[in-house]
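Below are structures written as structure tokens.
Shared chain: chain A. Partners: chain B in the first complex, chain C in the second.
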Partner chain A sequence: MARIRNFPPLRFFVGFLPITVWEVLFFLFPVILIFMVSFLYVKELRLVYEWTFRNYAKIFSMLPYWEAYLRSFRLSLTAVLFSAAIGYPLAYTIAFEISRRYQRLLIVAMIVPFWTNYLIRAYSWQIILANSGLLNQFLQALHVIETPIRILYTHNATEVGFIYFYMVLMTLLLYSSMESINRDLLEAAADLGAKKFRTFIEIIFPLTYPGLIAGSVFVFILSFGDFVGPSILGGGKNPVFSQLIVDEIQGTVNLSMASALAVIMVVTIVAILILLLRRVETATLRKGGKPWRQ
Partner chain B sequence: MPGSSPKGDPGILKGRYSMEDISVEFRNVTKKFGEIVAVDGLSLCVRSGRFLTLLGPSGCGKTTTLRMVGGFEIPSSGDIFLMGEEVTYESIAKRETHMVFQNYALFPHKTVAQNIGFGLKMQGLKKSQIEGRVREMLNLINLPDIYDRMPHQLSGGQQQRVALARALILKPPVLLLDEPLGALDAKIRKQLQLELKQLQKDLGITFLYVTHDQEEAMIMSDIIGIMNSGRLEQLGTPQQIYETPKTEFVAGFVGECNFFEGKVLGSSDGLIEIQDSSGRILKVERHSFDVSSLAGRRATLAVRPEDIEIGETAALCVNRLEGKIREKLYTGVVVRLVVEIEDNRIIVDLRRGISSLPSDRIQIGWNPDVGSVIPKD
Partner chain C sequence: MAAIKGKRADLSHMALRLYVILAFGFLFLPIAVIIIFSFQPGRYPNLPLNEFTLKWYGEMIYDRVLLECMKNSVVVGVSVSFISTALGFLAAYALRSYKLRVENLFLGFMSGPLTVPSLLLGLALLIFLNTFLSISNSLFSVILSHTVICAPFAMFIVRARLRSIDKTLEEAAWDLGAGTWQTIREVILPLSAPGLIAALLLTFTLSFDEFIIAWFVSGFQATLPVKIWSMMRGGIKPTINAAGTVIFTLSISFLVLSEYFLRKKSG
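For the complex of A and B:
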């Protein structure tokens, strides 16, 4: 009867109940529903309850879907790279170059815009990036350019938005992993002759690698699934993958097609999640005595 | 530097010193953190190849002193010299000193070999050269088989040795050690104390060692510097520190000590006479004191517990007192008595063999050849 004795008391599960019910009802169930609907098809605006692969066949065989997918992928990947490129120096400066008193202040200053409504921030970028916007006016006033550069309603604007929206997450994750580095390690490195840049390469970068991966996951997934940013800043001419889903629902009311696209998106995200988080695991645990490699 | 005279203890610096002889010198170094003075006007010379320990309670400034040698802190005023060259504002990376940290500070993502070879890698040596030197170091610390291990797979003692090897591989003229054994359990600590001491002798490198453990300092050091609230209280060999403490702080910090306060009357037959508040006269050998400058001043006589006799032996002593036994403590090595004399509690350590003790009143005594006079300002 040892097993029953080790069985946790009932109250142990009570706390899990609300979240379980919530997750099942509003997450698991809809996802399963989408998955199932993606194998149905729509005829004359009505779902036909007959299993089929025709949605997937259509997506995989038509170039615009591929283009949109790759566009999303490229934009999200670029967002990851830029976030890391901006986030590393920023996090480094806050964590190591600024006195502890001002660290919190800077972190808060960085987060505050993050609390502003997403739509408002997106529209604000319109004001800056439009043909007659602040940026173009500024550049013209300086005589850097004669005619306005077209940024708004291209995916350059989308990219600016992505980087601006999600860079904060990357920086916060990098900052927190830098914060947890024992300062003695940096002193030891310096003591053994490493200059600042070398210390960064040899010590700080490897030790913040889990933070970088976690940040990349966040930035990639949020950019990949973002629909508002690309719509408001990138326009609709060259849609990203998430815009296609919305188009299928709003335009042709093709629920099954939209579901199939959504499934592809979810599979992509889960694949990336598994791939990257596994790297974090090996980087953090470093079990088995193998030399840690990047 | 040329022409200047050393400010350390003249006993340590016999005669004129040449620049090669001094590996570390502090000249009137003060370090402030905001309003707090961590190190206060420290002047100190360390001769090459010596094992010098800075000993003191936490917050006494010993670690700050060490860190200033390594370049981890910059003095607020004063100068620091390494091998005759001023390094006060030199960057950490450029200094030839290397540090062994209290918590080892091994790079957790690097193997033992990568840790030990880090300094050589920074100097731009080739992998093959580094490997040979690393294997040499692993043999030196008697751990030849851990080349590919990760730090977290090692015991605390092993990690400490790896940290030592990592600092020693660059052959520093001065090794800085910041309570390197503090985190280890007593048995391994004792063993490593002896190993460290032996290693230091073999290599002939100056060790600048920081600890708050007085026993550790006594066992390992050639020279001990006792620090208290940022000041160097006394510098000397372990024997000098123990037998002739110059301040009450030193006497009380290193080992147990009994204090008798009084006024110096003068000297007779080479003995200093001190009169305590109840009129008793205690006598002590002069050592190096200039008695005429002491006469009339208040002073403390410090006597070690193991130097005090009881019973019949005490009756034959020059200095005799009578008191009540308050406590009898059996410590294994000695039997410790706490004797109350007026409002002074005197500790007496007796060798174990002595079993029959008077139960109440007891006579204690000691001769003038033990004890030291500490003048009060």
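For the complex of A and C:
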């Protein structure tokens, strides 16, 4: 009975059991519950325990749901592109052009806005982007524009918010993949006569590819699931997908409908994860590199 | 790589540095705006700055509801940080002591709550706690819910710290006759103290700043972010700037403190 002799001691369970029980009970189980509830329906604010597809039927048959989904998808994709375009040169400069002493400082400085209350940051963008806000006042004072430009309460403001909120994450992931590049490789490339540009194309970029993909996944997931940014900055008449979910929870109190919408969001996120993370794997296998630093 | 040191290299170097400055300007602009306009007298932010005032802070201090919500947030934050750090430490130490056959699965599962959008987690917990367990929405629900996110977070922080402790120290303690619990108490806990403190501070701010889940499950006991949300819906109010500046100062001091503890060498 080797099994029993190998049975772990009490302290094994003292260590693992509390957190596992907590996460199974309050994370795994509730998330599974969303799936089940999405197949129920609500009558007079109460859940009716009767299996049905009516929530999904409603979602797939009505245009506003499709529009909101596509709007969210487009906004999140744009956020990924912009945060990569802004974050890549930023991470590159910090990792390769700035001395080690200041690198750590800059990285901590970058986390500061990221660690600031989300609502407050969104509120601040409201002050900046409003019709009579700081940006318009500034541009009018410089006579760049005559009449204020309308940014707040359009999804352009949502986009500014998304890029602002999530580019830090992209930059940090890119930075950590750049920082872990063995500097000898760069020296070797230089010794063999490669110019900076060629070193970048042939060494740095391929080695940061996993970081780029991971960053894109995170930016996409977070902006797709973001409700605060679009509601504070965006156009209320053209809701994004997450706003529809919140409307069902706080407005019509239809938890089964909210769950069905949430399931669609989960499926989208999982699909993106599988699709992109597999690309990281194949890219890593091809290059034979190690994508994650421990 | 001192080979290429021409004018062009200098120029691109300068351009990249300028870019970093601009990017950081973008990142810090909203924070600067909040802080600056919390000290401005006008109800609406106007550009030529006026004289400095503490009027909005005064208004904030006399706002009983706001203070009540701040107290709620502190109660939740403190409870969550202690529960989470305890759970996180236990798991992190167990991870160090035992080779778990399903370690990757376990770690993947634990990073789940940190990856899932809080909107989904909030909905899931609302349905589970409120509809299925019939626990009425309250601060208690908020504590349960925030711990779901904060416990794995604490585990990852403490685990990183425990890794830096040499295994031989533990073995030495055992050789000298210390039991498991004594070793934990007298070797592991003191050496991982900086990690534990950092975990406490960071999970506190994580909980203190969390809005969506708290909004769904707090019921009539609003936390500070929930209160700020309802203030924001009522239009521009400079007390939000004042409250924002206070929250910012708190979160950032905790962040800097935890960074200090994480960089501190053992002992």
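As a working rule, the second predicted complex is superposed on the first by the 266 of 294 C-alpha atoms of A that agree within 3 Å, B and C clash if a C-alpha of one lies under 4 Å from a C-alpha of the other, contacts with A are read in each partner's own complex, and residues count from 1 in each chain.
Methods note: a residue touches a chain if its C-beta (ideal position, glycine included) is under 8 Å from a C-beta of that chain, and two chains touch if they have at least 3 such contacts.
In this text the structure is predicted, and so the values were computed from the model without any measurement.
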item: Chain B versus chain C as contact partner of A:206, first or second or both or neither; value: first
item: Touched partner set for A:178, first chain B, second chain C, both or neither; value: neither
item: Partner chain in contact with A:190 - chain B first, chain C second, else both or neither; value: both
item: Chain B versus chain C as contact partner of A:75, first or second or both or neither; value: neither
item: Chain B versus chain C as contact partner of A:198, first or second or both or neither; value: first
item: More chain A residues in contact [chain B versus chain C]; value: C
item: Touched partner set for A:29, first chain B, second chain C, both or neither; value: second
item: Common interface residues of chain A - those touching chain B in one complex and chain C in the other; value: 187, 190, 195
item: Residues on chain B engaged by chain A in the complex (per definition of touch); value: 70, 72, 91-93, 95, 97-99, 101-103, 105, 107-111, 114, 118-119, 122-123, 148-150, 152-153, 166-167, 170
item: Contacting residues of chain A [partner chain C, same complex]; value: 8, 11-12, 14-16, 18-20, 22-23, 26-31, 33-34, 37, 47, 86, 89-90, 92-94, 97-98, 106, 108-113, 115-121, 123-128, 132-134, 137-138, 141, 164, 168, 186-187, 190, 195-196, 221-222, 224-228, 232, 242, 245-246, 249-250, 255, 258-259, 262, 265-266, 269
item: Chain C - residues contacting chain A, complex; value: 1, 3-4, 9, 13, 16-17, 19-20, 23-24, 26-31, 33-34, 37, 44-47, 86-88, 90-91, 93-95, 97-98, 100, 106, 109-110, 112-113, 115-121, 123-129, 131-132, 144-145, 147-148, 151-152, 155, 180, 205, 209, 211-212, 215-216, 225, 228-229, 232, 236, 240, 244, 247-248, 251-252, 255-256, 259
item: Complex contacts: residues of chain A adjacent to chain B; value: 182, 184-185, 187-195, 198, 202-203, 206-207, 286, 289, 291-292
